[in-house]
Amino acid sequence: MEVFLHQFLNFEIMQKVFPLLLKGLWTTLYLCVLVIPLGLAGGLLLALLSLSRRRAVAWTTIALVDLFRAAPPLVLLILLYSGLPFAGIKLTPTAAVCLAFFCNTSSYYGEIYRAGIESVGRGQWEAARSTGLSAPQTLTYVILPQAVRNVLPDLVSNTIEVVKLTSIASVVSFPELLYSADMARSVTLNSSPVVLAAVMYILLLWPLVRLVSRLERQVAAR
Amino acid sequence: MPILTISGLRKSFGTTEVLKGIDLSVSNRELVFIIGPSGSGKSTLLRCINRLEEPTGGGIAFDGVEVTDRSTDLNALRRSMGMVFQSFNLYPHMTALANVTLALRKVLKKSRDEADAIGREALAKVGLSDKTASYPSELSGGQQQRVAIARALALDPKIVLFDEPTSALDPELVGSVLAVMRDLKAGGMTMLVVSHELRFARDAADRVIFMDQGHIVEEGPPSAIFNEPREARTRAFVAGLLR
Amino acid sequence: MTAWERFLETFFKPELMVQYWPDILEGVVVTVQIAAAVVVTGLALGLMLASVRAYQVRFLNLFIVIFVDVFRALPPLVAILLIYFGLPNIDIVLPSFAVLWLVLSFVLAAFAEEIFWAGITSTPKGQWEAARSTGLTFSQTLLSVVLPQAIRLGIPPLTNRTIAITKNTALGTVIGVSEILSQATSAQAFTGNATPLMMGALAYIILFIPIVAVGRWIETRFAWRRA
């Protein structure tokens, strides 16, 4: 038991590495602020394209979305970060992470938006258009508010996944929370920094996990 | 001088032709009633007039504008043609007042105060002054349909198209909607109504059109259509409804 | 050399493709094995936890809720690193594939438990009452009346979640599980060419695209529309 506590819950070491991990946490949050809005915007675009009346546009978009949903994000990231330099294109870790995340998260967000838009009845379109609203106005004021409300649990749930996903940026030496913790682990030869990082992730995401459960119940009750 | 003139209107879905050359004109302040069996093309005709469905052929002239022209400003046109749907299609995430004022604010660019004033007036006209802040889910079907009528009226349309406005309502709620339509008629509104409410047609309509299989079979004043129809198909349909 | 030739030379060099496809294939086998194991144990554990939760034993429920919340909030890579590098320090040595399998199974179990539990709670009370009125015990009702309905309800949301989690087998590369990505990166380091990496990416895509497509089909087939 003592060995266990020493290895995993060593408060002395935790205290020492706390500032480093806090810096990592900020970097994680910074990354989230970059990739979540990008993914939400890209997802909306993909959803609209995949619902296009032009078959070719819709099918190309759906194929692209499925391609990026089939490729593990870590594979995308490593391909961009370690593969592209061989072609003479060197991306910074931030650029590689943002690009890989953009491909992955916007595909997932896109599918969620699409389900949301499809869940709004055709009559809503027709009613809005019959009062003279243009297609973009109808989308903005009538369809999207209902679509987002219908799939809010999925949107929040996917956002949690995106935050968790930022941990793979550590693989390309992006100094986010897990990278900092793993550095600290290899220096101190003790797992307490990783436990501390785990606690930070859980503290950050647990409220959102609870929120998703509540939203799911609300939507189910409606 | 008709406000709406439809000539040779055709509409196909894939290989099935739903409208096979419709000629129809509606005068100002006229209430025209369209009846016919389901699948006869009544609703499609209505939806072609404001181009919710794209006609395949023929012309629609409305208030001096050719509706089917590519250069026609569709959104401006639709604003002057109100439409009331069978399934109400109220926006569930907005209050009754917001439902009525959305197009006023976004299409006509009216200020919130101005739009709200017009919206309240329109809701008063349909007898729902006390429901401005209610959401659709808090209203009965009849109340919802009256909000939908107010939504169309608020834009000061030159014609209102009714697509089976009472078919989705419980029998005891139909009366309140018909009462509103009667008031509109008395106020001189031009109306084109697809409906099965024959008693209402008899009392209020200026003219009744009987459609079957994509054609207009017969038209005339309600007394003629209901009491002495010329065509066998009309007779059979009317007899079936009155039974 | 034109840009196009250079692109082909970098990402699709034929000699390297011929030379390394057995390695990639080996990775594919490992990936498939671990993914299959994760799906089986993860779903089984999730179903088990949801069933246990139905008995409403306070102490057990608390444990289940904490387990589920932790594995929904914790990035799997954190758990993988923690277990892989942490346990040897207290003299528990697990092979890397076992660590990957355990962690991903727990993550899938957490999500599956939530989905099955939602299915159990949304089964109408009348179903319970009808079954109990015919003399079935609580456990019999749960097993033969409620769970089948809960599982059916859970299929569409579970499909996509399961695909997303099995894709995480790629994380195994970080602790040296010889799955596709790991084979690809080591071949890339060895050859100084991105072709093996591209092959690895393609292998993943070939492996998962049919599954993603099936998932899409299941989702539309079982879809229920909100008004």
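Letters A, B and C mark the chains in the order given here, with residues in each chain numbered from 1 onward.
Operating definition for what follows: contacts are C-beta pairs under 8 Å (C-beta built on N, C-alpha and C of every residue); 3 or more make two chains touch, one makes a residue touch a chain.
All values reported here derive from a predicted model rather than from experimental measurement.
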Worksheet item: Where the centre of all protein Cα atoms falls, which chain's Cα centre is nearest to that point?
Response: A
Discussion item. What's the farthest chain from subunit C if centres are computed as the mean of the Cα atoms?
Written reply: B
Worksheet, complete the sentence: Taking each chain's centre as the mean of its CA atoms, subunit A sits from subunit C at a distance in Å of 17
Worksheet item: What is the distance, in whole Å, between the centres of subunit B and subunit C, each centre taken as the mean of its C-alpha atoms?
Response: 54
Worksheet item: subunit A to subunit B: how many Å between their CA centres?
Response: 47
Discussion item. Where in subunit C do residues touch at least two different other chains?
Written reply: 227
Discussion item. Please output the residue numbers of subunit A that touch at least 2 other chains, ranges allowed.
Written reply: 121
Response to the item:
Residues of subunit B that touch two or more other chains sit at 92
Worksheet entry | subunit C partner contacts - residues on subunit A that touch it in the complex | 3-4, 7-8, 66-67, 69-76, 78-79, 82-84, 86-88, 118-119, 121, 150, 160-161, 164-168, 170-171, 178, 181-182, 185, 190-191, 194-195, 197-198, 201-202, 204-206, 208-210, 213, 216, 219-220, 222
Worksheet entry | Residues of subunit C that touch subunit A when the two form their complex | 6-7, 10-11, 69-70, 72-79, 81-82, 85-86, 89-90, 114, 118, 122, 163-164, 167-171, 173-174, 180-181, 185, 188, 192-194, 197-198, 200-201, 204-205, 207-209, 211-213, 216, 225-227
Practice prompt. Using the touch definition up top, name the residues of subunit A that touch subunit B in the complex.
Written response: 121, 123-124, 126-134, 137, 141-142, 145-146, 149
Worksheet item: Once bound in the complex, which stretches of subunit B touch subunit A?
Response: 47, 50, 52, 75-79, 81-83, 85, 87, 89-93, 102-103, 106-107, 148, 151-152, 155
